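The structure under discussion appears below in the form of structure tokens.
First chain written, first letter: the chains are A, B, C and D, and each begins at residue 1.
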Amino acid sequence: MPETTAPKKNWGRWGADDERGALNLIDDTKRASDYEVLRTGKIYSLGLPIQRSGVPVFEYRGPAQRLTLASQTDGAFWESFGEAMDIPTDGAGGNEDLLIFGTHSGTHLDALCHVYHDDHMYNGFETSTFGSYGGAARNSIHQVDGVAGRAVMLDVAAHLGVPWLDPMFRITDDVLEEVREAQGTSIRPGDILLVRTGWIDSFYDSLANGTELSAAQAGIDQSAVDFIDRYDIALVGSDNGAVECLPCDETLLSVHVKLLVHRGINLLEFADLRGMAADGVHECFLVIAPMKVVGGTGSPVNPIAIA
Amino acid sequence: MPETTAPKKNWGRWGADDERGALNLIDDTKRASDYEVLRTGKIYSLGLPIQRSGVPVFEYRGPAQRLTLASQTDGAFWESFGEAMDIPTDGAGGNEDLLIFGTHSGTHLDALCHVYHDDHMYNGFETSTFGSYGGAARNSIHQVDGVAGRAVMLDVAAHLGVPWLDPMFRITDDVLEEVREAQGTSIRPGDILLVRTGWIDSFYDSLANGTELSAAQAGIDQSAVDFIDRYDIALVGSDNGAVECLPCDETLLSVHVKLLVHRGINLLEFADLRGMAADGVHECFLVIAPMKVVGGTGSPVNPIAIA
Amino acid sequence: MPETTAPKKNWGRWGADDERGALNLIDDTKRASDYEVLRTGKIYSLGLPIQRSGVPVFEYRGPAQRLTLASQTDGAFWESFGEAMDIPTDGAGGNEDLLIFGTHSGTHLDALCHVYHDDHMYNGFETSTFGSYGGAARNSIHQVDGVAGRAVMLDVAAHLGVPWLDPMFRITDDVLEEVREAQGTSIRPGDILLVRTGWIDSFYDSLANGTELSAAQAGIDQSAVDFIDRYDIALVGSDNGAVECLPCDETLLSVHVKLLVHRGINLLEFADLRGMAADGVHECFLVIAPMKVVGGTGSPVNPIAIA
Amino acid sequence: MPETTAPKKNWGRWGADDERGALNLIDDTKRASDYEVLRTGKIYSLGLPIQRSGVPVFEYRGPAQRLTLASQTDGAFWESFGEAMDIPTDGAGGNEDLLIFGTHSGTHLDALCHVYHDDHMYNGFETSTFGSYGGAARNSIHQVDGVAGRAVMLDVAAHLGVPWLDPMFRITDDVLEEVREAQGTSIRPGDILLVRTGWIDSFYDSLANGTELSAAQAGIDQSAVDFIDRYDIALVGSDNGAVECLPCDETLLSVHVKLLVHRGINLLEFADLRGMAADGVHECFLVIAPMKVVGGTGSPVNPIAIA
């Protein structure tokens, strides 16, 4: 395992038992200083809508399904609650639903257990700690708890003057640095990095025009990991499906391995950055609040960018 | 319908087509002024963990289930992705899961379509606009988009010097006012109101000690709606299962009807307020980010309180 | 409702409370006489495999999903069972799964509540007896209990010398009679009628060759209902998706309305008749055993034809 | 592995690639001779109803859930089908549902992959052939296809003159032989063996009377495997939850290991034998038709006993 023993990785950096990885970079002191980005009071919801169709989905995960659990058709059911409490229903009742969906569909956050490499996950935990019934005994999504801190967006598509990048475009360290400089965006240790490729724009465009979408997606390549190391980023998000470019750079999930496994950096995928891009907002206070699924490999999220 | 035509209700207040209700009170200007509560940099995740057991659940909704979609046992499956991209897997693979759960289980936000009364929902939309397949055509949870603003917590249990309120305790307008004054908490129009009953403390206590939990729950009664009107609250949350007291006050879901249906006020239920209570934090900047389920009646949330 | 009051329909034929419809035609005496078709000992499973892809599915119902509940990765989980029983596990453990699927996907049986017309279901029960939470209070699939009796197959495709019928081909009363005569097949009151269109053959052909499948499907039209009346059929099955032709004949679900609603005749869809066709078997003893889902609108089935 | 190499086991008996085990004993010739048990025309559905509560369930598998996919509230949805076909809906519409349930809940058939021992399944396939995503590559439930043949019921409870056996009662080889003789029941190679303990009677009794049900269950012990070997049984079913006694005899799942793993004998659990018992029917022609879930570890079934 030459790579997994390389000096850049964060195994042990926050202790042998750590399961939160680079999120440790966002401590209260850092967060309190991040408040300075708060100015206008405007917020941006970065979560895509959740529905059966018309949203990006990798087919093997199945579509999200909202199913009605109870509704206005269940009169006797609602009355039974009134009876149990010995009070009249007085015309009241409710609608409830139940959701079924893959945790890596739509806008979602990858847990540190999501990817393994050479039989290990982040911080050296063995892949075999994952069980079908209980899920991840280590690096579960619930360890994230909540993320809140300064985020910077590098709008690669806007910088290059295109609505979206060519599917085969690879975002390198150099490209990121060039965009950062052109935008005049400063980055501090522990900041969240958002990379905009315009993929979601291309998705809705293809939906509207019935054109076929490429399976390839622009995204960061392995060289971009140097950028992430240089600025000591806490979390990386993008508006594409895997943060990294598809096809992956050189080996399967190579950037996931370097970020999730080696560095303990959670990845935010399918983040809808259109609103921020439209307003030219390149820094914000970002809140990401995953469902605290014990043993979970990820969670749908609706990140709220606050400006 | 004498009540539904009463002057206090908010139907039409934000236009005949409005589906966001009292959340309209939190505009950018209000939010920008709310930033002043941000001081220490500490955050509190108010979401309960999501797991099959050991969490509060109304049985008819079924338990939440995390199921493994793919894991380290799917070697050939992961290799097929590498093959499709014409790159080696090089020892990489992944874990993924799929969730099944009721949207009103665990810590969750009620959509304005969640409750109806006399065949109508908030803003006069007819109950029949809800369909089994598509869910709520009106007042769906996705209309919430995202909530971010000042929240105040009235810690009724702490004020009364008990770990949790007696299950039959009703929190009246007078009680809320008394706690507010004792805490010295100011409330501004459009603030979020959190009411702590200590119910989650009692839940974990009963779990730890194997004692039986009462089906009754302390919560606000109908008089407390006057308090909410007086301060023009944007959203109400509590650490119990229904915000309102159980059994409900006089009629089924009477407080839900007055808040959700008449006033368009979303309700946050099973909010874990223990951390804030332990620190004596009574005001914070609160971010609630529901899954934007189109047609949905509610969403699990992990509210992040930022101090 | 001129049609629903027509003399041919079976409302009331088996009593005002009946929920089993034409299955009442298969009583023990009839069934005992049906045993005479049993000869060779060969059986045919008419159920299609259940898997995520490579099977016919109407997209709005979502794909069937088999998810792993527990497996060999859950060592500690299986050991906990041994510990609870105070016995060693001795190297034993298990695999379990959980299924999610629409009841009208794959090979399935329609319950009599599946379709309504002019606010009524079979036997005059009101459509409003169906509730989201409890499902069908009347005509639920569990009322079927079990079906076992003589079935005849009219192999329209074979008779016409084609592997499958043209998608726009309508199977009329005359066509059925012509095939019956050509095959020399006798039909008795209470028999089950299977109509082979070859659609499943065309499905697998399109899958194998990557050709596009028409949304239209050959099937019986409204005139064929006269055939069904004339022979007093107990249940109708076909190897297509709706028994009736698609597009439907004249009005939406016109044949479903006439069979399910007016006559109380359950429909078996996507029955894999290839094996029987290959052997030229035109009569058999057929067993259909739906899951007895209380309130259910249908059930996946694996009908067993015994020759 | 002394036991797994013992002479009695069936590994290799039907070839090195066999995945159907003892079901191979029921060939067409045997089945045709089994027809002689068919006499009265009466049938018994051995499947329990499927509903959220009031049915036996091992809690970790979660309750079965029937959810409404579409109903009479979806007027516009049904109209869209009419529009797509360019025909009027004419008052027609439908109800559909979606099921979620563990394959080992309620009346179900265990696949040969359900249990493993010392890293192997039936016929020597390695436990590692089971993957989270695809399930069982070997010994999947779909290999069963369909079961139809002579079954004998040994009614242990009736023989002992009790409504149900004591939960700690172990059904030994001797007990089975004693019941067989007392009943005067002949058994032929390849027959299906049903063992009645009365457990389902005790379940409904406890439900009706609110009494607590023991976690222990009467069932066959390891000595009974000799009985099964002596008569060369094709499949074993019972009205309890695991066929074998609970707690298991000596080691975890010891009888499952001997039957499923060593002998390739599928197990039918929670079979409702009350109807047959009430009529004193001790032999029948039994049809078991599992859902052909590719990769599945088992399937809910509604076995139909034909007399």
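General observations
To be clear about the criterion, a contact is a pair of C-beta atoms (placed from the backbone, for glycine too) under 8 Å apart; a residue touches a chain by one contact, two chains touch by 3 or more.
Being a predicted model, the structure only gives us computed values, none of them experimental.
Identification of common neighbours of subunit A and subunit B yields C, D. Over half of the residue numbers at the interface between copies subunit C and subunit D are found on both sides, making the touching surfaces mostly the same. Rounded to whole angstrom, the centroid-to-centroid distance between subunit B and subunit D, based on C-alpha atoms, equals 43 Å. Centroids built from CA atoms put subunit D at 23 Å from subunit C. Counting partners per residue, subunit D has 60, 62, 65, 68-73, 98, 100, 128, 130, 132-133 as the residues that reach two or more other chains. Against subunit C, in their complex, subunit D makes its touches with residues 27-35, 38-43, 45, 47-51, 60-62, 64, 66, 68-73, 78, 81-82, 85-104, 113-119, 127-128, 130, 132-133, 135-136, 142, 145-146, 148, 246-248, 250-254, 256-257, 287, 289-298, 300-304, 306.
Residue ranges on subunit D touching subunit A, taken from their complex, read 60, 65, 67-69, 71-73, 98, 100, 132-133.
Residue ranges of subunit D in contact with subunit B, taken from their complex: 52-53, 59-60, 62-63, 65, 68-71, 73-77, 100, 128, 130-134.
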